[in-house]
Structures are given as C-alpha cells and as structure tokens.
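Right after this note come the structures.
In the two assemblies presented below, chain A is common to both, partnered first by chain B and then by chain C.
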Partner chain A sequence: MPAERDDSVKLLAFLSALCLFMSTLEYAIPKPLPFLRIGLANAPILLAFGKLPPRRIVQLSALKALLQGFVSGTFLSYVFVFSAAGTAAACGAMLFVAWIGGDRVSRVGISLGGALASNAVQLLLSRLFLFGAGTAYLAPIVFGLGIVSSLLLGAVAEQAATQSLWYRSLGVEP
Partner chain B sequence: MLFWAALAAYPAFVFQPSAILVLGEAVAFCVIAKRVRGRLRILPAVAMVAGIALFNLLAPVGRVFARIGEVPLTIGALELGLRKGAILAGMVQLSRIAVSRDLRLPGKTGSFLAKVFHYFDLITAFPIKPKEGNLIAQIDDAIMRVYNDEALCPKPDAQRLEGLEKDTQATGVIPIQTRPRIALFLLAVIPWALLLLGRITPSLEELLRSAESLRP
Partner chain C sequence: MTEGSFRASPGGRRQGEEGGEPPKRAPRLLPRLGRLLPKRGDLIVLFISVLIFAASIALVGNERPSSDTVTLKAGHEEYVYPLGEDRILKIEGPIGETIVKIDAGGVRFIDSPCRDKICVGMGAVSQNRQVVACLPNKVIATVRKSHAGRTR
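Then we have the complex of A and B:
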C-alpha cells in the first residue's frame, strides 16, 4: 500500500477513535433535555477538513454514526436511524459549505451548515415517525440550541487546528 | 452469530403490520435480551411505548372508545401508537441482542475496526492530570503520543489482529462463540413467519367488533 494511503487510513482510524471518545464524553455531560445533544463527536470530523480528502470525510462520518451505534448498543434502534440520517445530512452539508466557501469559510461556518442540515433531517424524521405535527413545537428549541452549540464547536475546532502541535504535524492529504 | 440473526430479524420486525404481533415480538426480544445481555430496564421501554401511544391518541383514527373532555380516544389511533412504540422499544432490545464487545467482523473491515478500538482504548487510558494545569496542552500531548508512538501499541494487539485474519482466511468464517444454533435460527426466522401471519391477523378494531357481535 502506498505511504500516503497508509497515512490516510491511519488518520481515519485515529479520528474515528477520537469521535468515539468525544461521544463517550458527551454522554457524561448532563443535558437540559435528554434527546438534545451538543455534538462533541463532530469535532474530529471538523478537524478532518484540510487533512483528509472528501471521500475519507464521508467514511469518517459513517464510522462515527456506526461506532456510536455499536458502542451504545443502539445499532438497530431508532436512535441509530436518527443519528445516521442526521450525520449523513450534516456530512453532505459540511462538504458542500467547504466546497462552496473554499478558504473564505472557517470550521465555524462548516459546523453551522452541518448542524442545520442535521437538525432539519432529524426533525423531519420526528414529524414522520414519532410526534407528528407536534414536532413543530420542538423545532425552535432544537434549531436554536443547534446553532449555538455548532458555533461553539466550530470555534473550538478552529482553535484546536491552529494551536495543536499534533494537528500541525499532520501532512495535508492530496 | 447473534449479530447476524438479529440483523436478519430486523426488517421483518420493523415492517410487521399487526400491533398485537409487534407487541408480542417486542416482549420476546426483551426476554432474549435479558437472557443474553443481563440486566433489563423495563420502565424506560414501558414509558416510551405509553408516551408514543398517548401522542398518537391526539390524532383520532377509527372508532371512538372513550373521551377525555372534548378529545375522542380512538381504537385506530391507539393501535397505531402502540405499534410504533412497540417497534421502537423492540428495536432497542434487538440492538442489545445484536451488539456486544465480543463482536468480530471479518477481513479488512474487522482489522480496521480493531485498530479504531485499540486507539480508543489508548486515548481513554492515557493519564490526564487536571490539577497540574494546562489541560489543553496535556490533551494535545496525549493525542500526539498515542498517534505517533508505535511503542504504545502492545504486541498482543498486533498478534490478535494477525490471529483474527489467519482464522478468517483458514475457515472462511468468523470464529464464533458457542450459541445454540437452533435458537439463533428461530430468532432470525420467526419474525418472518409472523410477518406473513400479520397480514391476516385482525386489527384491534376488528377484534372489538367481533367481540361485540358475539354478545347476546
């Protein structure tokens, strides 16, 4: 296997493990409402921008959803379906924002795009399968908290990318 | 093997049209999950089913069986809510049955996932001392060392990866734990049989109508 591909796979495995670690941390943090999540597990995905090519970022997002499902034992449950759908939408939105914005958009903007897409899809699934029209009452809370947490997460990821010695030691993947 | 059996049962369970059969299957999955995974928390499952059923009662469907003030409670809405709630509760238990720490997937996928979990173990085990200050620098240093220091990868893990690949190549199957194969077969197949049965099983409303017609 070429060295570049080795490094790419190694970084993918490592960032997947980081996603899992951040997900575990998030479970320990008390939440105002049980179904609302901060999205800490998305931080490694934000860090992947600029280091991994788009297909690896897609793989990382899929792994994040899968691993969360495996470890929490919710792999075949509605939680996984919601998480996977949200992750897929977020990944698509983040890649789109990064592609459209190029150097003009930071991880804050990428994070915001991902959060909005994820929240929209999960609310749609709630509308269709769980709460019906009552989902409309949840939407403002979910979007509001999503915007706040995504902006914070994006800022933290941006800070980590500029200050982390480990991150700066990584090569840029072609 | 439990993983594959649960995966096989999954679509048949999710698409089961009969609320009665879905409830029965969900209860069966609870029993199996308790048997194979230990502790079962029944209260969250009951609360979930009840909550979803209640939400669905707010949208009347079919025959009215009671009223709360001006709100009619209908059999159709109750059946829909119970079916949705039971499917969600059953899915959670099916997940518990399917997934365990001993789960091994074959080939390169299995090797890759083993690496991911190995990194995860190293990250979580790395000592961070908050009282020494500069938490960010400590975390960065920990990540740097885990990522770059091959000496942190103990040989037994590498051997386990090699052993797993050799076993998979030699036999063509994942090394399995001892499980009653008939039970696994039943877990995978019975939901499909019930899916066919569900198409001819009467709904709650039809059962109620039949019961009323039998009254003198």
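Then we have the complex of A and C:
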C-alpha cells in the first residue's frame, strides 16, 4: 500500500472512531424529538475537510451513518433510512459547498450547507412516508434548530482546525 | 510569541514608555478572534438557510382556523378536534396505541408504545402551532389557534 494511501486510510479509521464516540455522546443528550439532533457526530466529517480527499469523506460519511445506527439501535429501521438519507444529502451538499466556495468558505459554511440539505431531505421523506402535509408544521423547528446547531458545530470545528496543534499534526493533505 | 518579537512591535515600544508590564495575551487573542469572523461564502450559505427557514414559517402561518383546534395525524389519516372540549383519544399506529388527552385547552400524550416515551415526556402544549409527536408510532398532534397571540 502506498504511504499516502496508508496515511489517509489510518486517518479515515481514526475519524470513524471519533464519529462513533460522538454518536455515543449524542445518544446520551436528551432530545425533544428523536430526529432533532445536535449533530455532534458530524464534527469529525468537518475536520476531514482539508485533510482527506472527497472520496474518503464520502466513505467517512457512510461509516458515520452506519455507526450512528448501531449506537442508537436504529440500524435497519425506518429511522436509519431517514438518517442515512440525511447523511448522504449532507455529504453531497458539504462537498459541493467546499468545492464551489474554495477559500471563500470555512467549515461554518460547509456545516450550514450540510445541515440544510440533511434537514430538507428528511422533511421530504417525512412528508412522503410519515406525516404528509402535516410535516410543514415541523419544518420551522427543524430548519431553525439546524441553523443554530450547525453554526455552533461549524465554528467549533473551524476553531479546532485552525488552532489545534493536534489537528495540524495529523499531517495528511488531500 | 517570544519576548524579542514583542519588543519589535509598535505596541511594545508604547508599553515600554509607560514603564508597565506589557500585556502578554493581547497580541495572541486578536488573531484568534479574527479567525472566528465568517467568510463571504459562509454568509451566503447562512443567508440561504435563513431564507428557507423564513419560507417554512410563512408556509405554516398562512392558514388559520375559525376556532381553536387540535389536528391529529395518524399515518396518512388526519382528524381535527376542538381544543375547548375535554376528551381522551386512542390512536392506533403501526406499533400500537397512543393515548392522547385534550383538556384545559391543551393536548398531551399520556401513553404511547414507543421505547423512549419522549412524546409523553413533552407534556401538554396549548399554544398556536405547538406540536407533540410520536415518530415511532407515526402520531402527531398540532395546536391551531384562531388568534395568533392568544395563550393560556
């Protein structure tokens, strides 16, 4: 295995483990509604930007969805389908924002874009398969909390990425 | 930052003239705070997010019933009950029976077959557009008031 690929695989494994840890933390935090998560498990994905290539970020997102399903006990339930669809949409949106924004966007914008896409897809699925038109009543709560939590998470991730010596020491560049 | 580099800065000379100890943190804090400022791309994404959030509020706020009601959604079925008449309802969902109580101008779930009972723990809601939901059993209750600012 080439050295660069070896490094990125190691970092992918490490960040996946961090996702598992964050998912466990998140599971312990009380939620007013099951799908209203802070999104702590997305922090390692935000940290992957600038360190891993897009292909690895997609792999990390897939692993995050899987591990989150294991931790919360929702794997193979409809909740997991919602969560996985949200994660897939968020991953696509984050990569798109990072690609189109370049140096003009930080992890704050990437986080906001991911939350927006994830919430939009989950509300759409909810409208199609769960609550029909009544989903509209949930939309303001979901989007509002999504903006606040993703702003905070993005700011913390950006601060960690620019200030942390540990983050710099990871040493892999896409 | 080393002591030598601090002395070379304009701020260092000024502190020296006053004869006091130079503040050690100020030169380090400023760049850190500067990194917290959002970039232009961040502001654009934030603007789009807030726009969609505002649109979702406008969408919900358009309809207003003629009297105070509770809308109960069970799967694809929808039922509307007056908020002023006390009653207990048994709603059948995919994992069992959710028991909903309308009383004192509010609505709450008093029992549900879901694992975490988050819906039961939410207690009663009585204000316009407030929602109680049991996602595992696909039951959602929404309060609709005829006057926006009215509260109990």
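Couple of notes before you dig in:
What we mean here is this: the second predicted complex is superposed on the first by the 169 of 174 C-alpha atoms of A that agree within 3 Å, B and C clash if a C-alpha of one lies under 4 Å from a C-alpha of the other, contacts with A are read in each partner's own complex, and residues count from 1 in each chain.
By our rule, a contact is a pair of C-beta atoms (placed from the backbone, for glycine too) under 8 Å apart; a residue touches a chain by one contact, two chains touch by 3 or more.
Not measured: the values here are computed from a predicted model.
Once the complexes are laid over each other on chain A, chain B and chain C cannot both fit and instead clash. In the superposition on chain A, A:Leu18 makes contact with chain B only, not with chain C.
Of the two partner chains placed around the shared chain by superposition, chain B is the only one that A:Phe75 touches, whereas chain C remains out of contact.
Contact with chain C, but none with chain B, is seen for A:Leu112 once the two complexes are overlaid on the shared chain. Once chain A of one complex is fitted onto chain A of the other, the partner contacts of A:Leu130 extend to both chain B and chain C. In the superposed pair of complexes, A:Gln163 makes contact with chain B and with chain C alike.
Counting the residues of chain A touched by each of chain B and chain C gives the higher count for C. When the two complexes are overlaid on their common chain A, residue A:Leu67 makes contact with chain B while staying clear of chain C. When the two complexes are superposed via chain A, 42-50 is the only one of 24-32, 42-50 or 204-212 in chain B with C-alpha atoms clashing against chain C. On chain A, the surface patch touched by chain B in one complex and by chain C in the other comprises residues 79, 130-132, 134, 163. Residues of chain A touching chain B in their complex: 9, 13-14, 16-18, 20-21, 24, 63, 67, 69-70, 73-80, 129-134, 163-166, 169. By the touch rule above, chain C contacts chain A in their complex via residues 32, 35-36, 38-46, 48-50, 52-53, 56-57, 59-60, 71, 73, 75-76, 78, 116, 118, 122, 129, 131, 133, 135-136, 138, 140, 142.
Every residue of chain B that touches chain A in the complex is listed here, in rising order: 6-7, 10, 52, 55-56, 58-59, 84, 88, 91-92, 94-96, 98-99, 103, 112, 115-120, 123-124, 136, 140-141, 143-144, 146-148.
Those residues of chain A lying in contact with chain C across their complex are 31-35, 79, 97, 101-106, 108-109, 112-113, 115-116, 120, 130-132, 134, 136-141, 143-144, 146-147, 151, 154-155, 158-159, 162-163.
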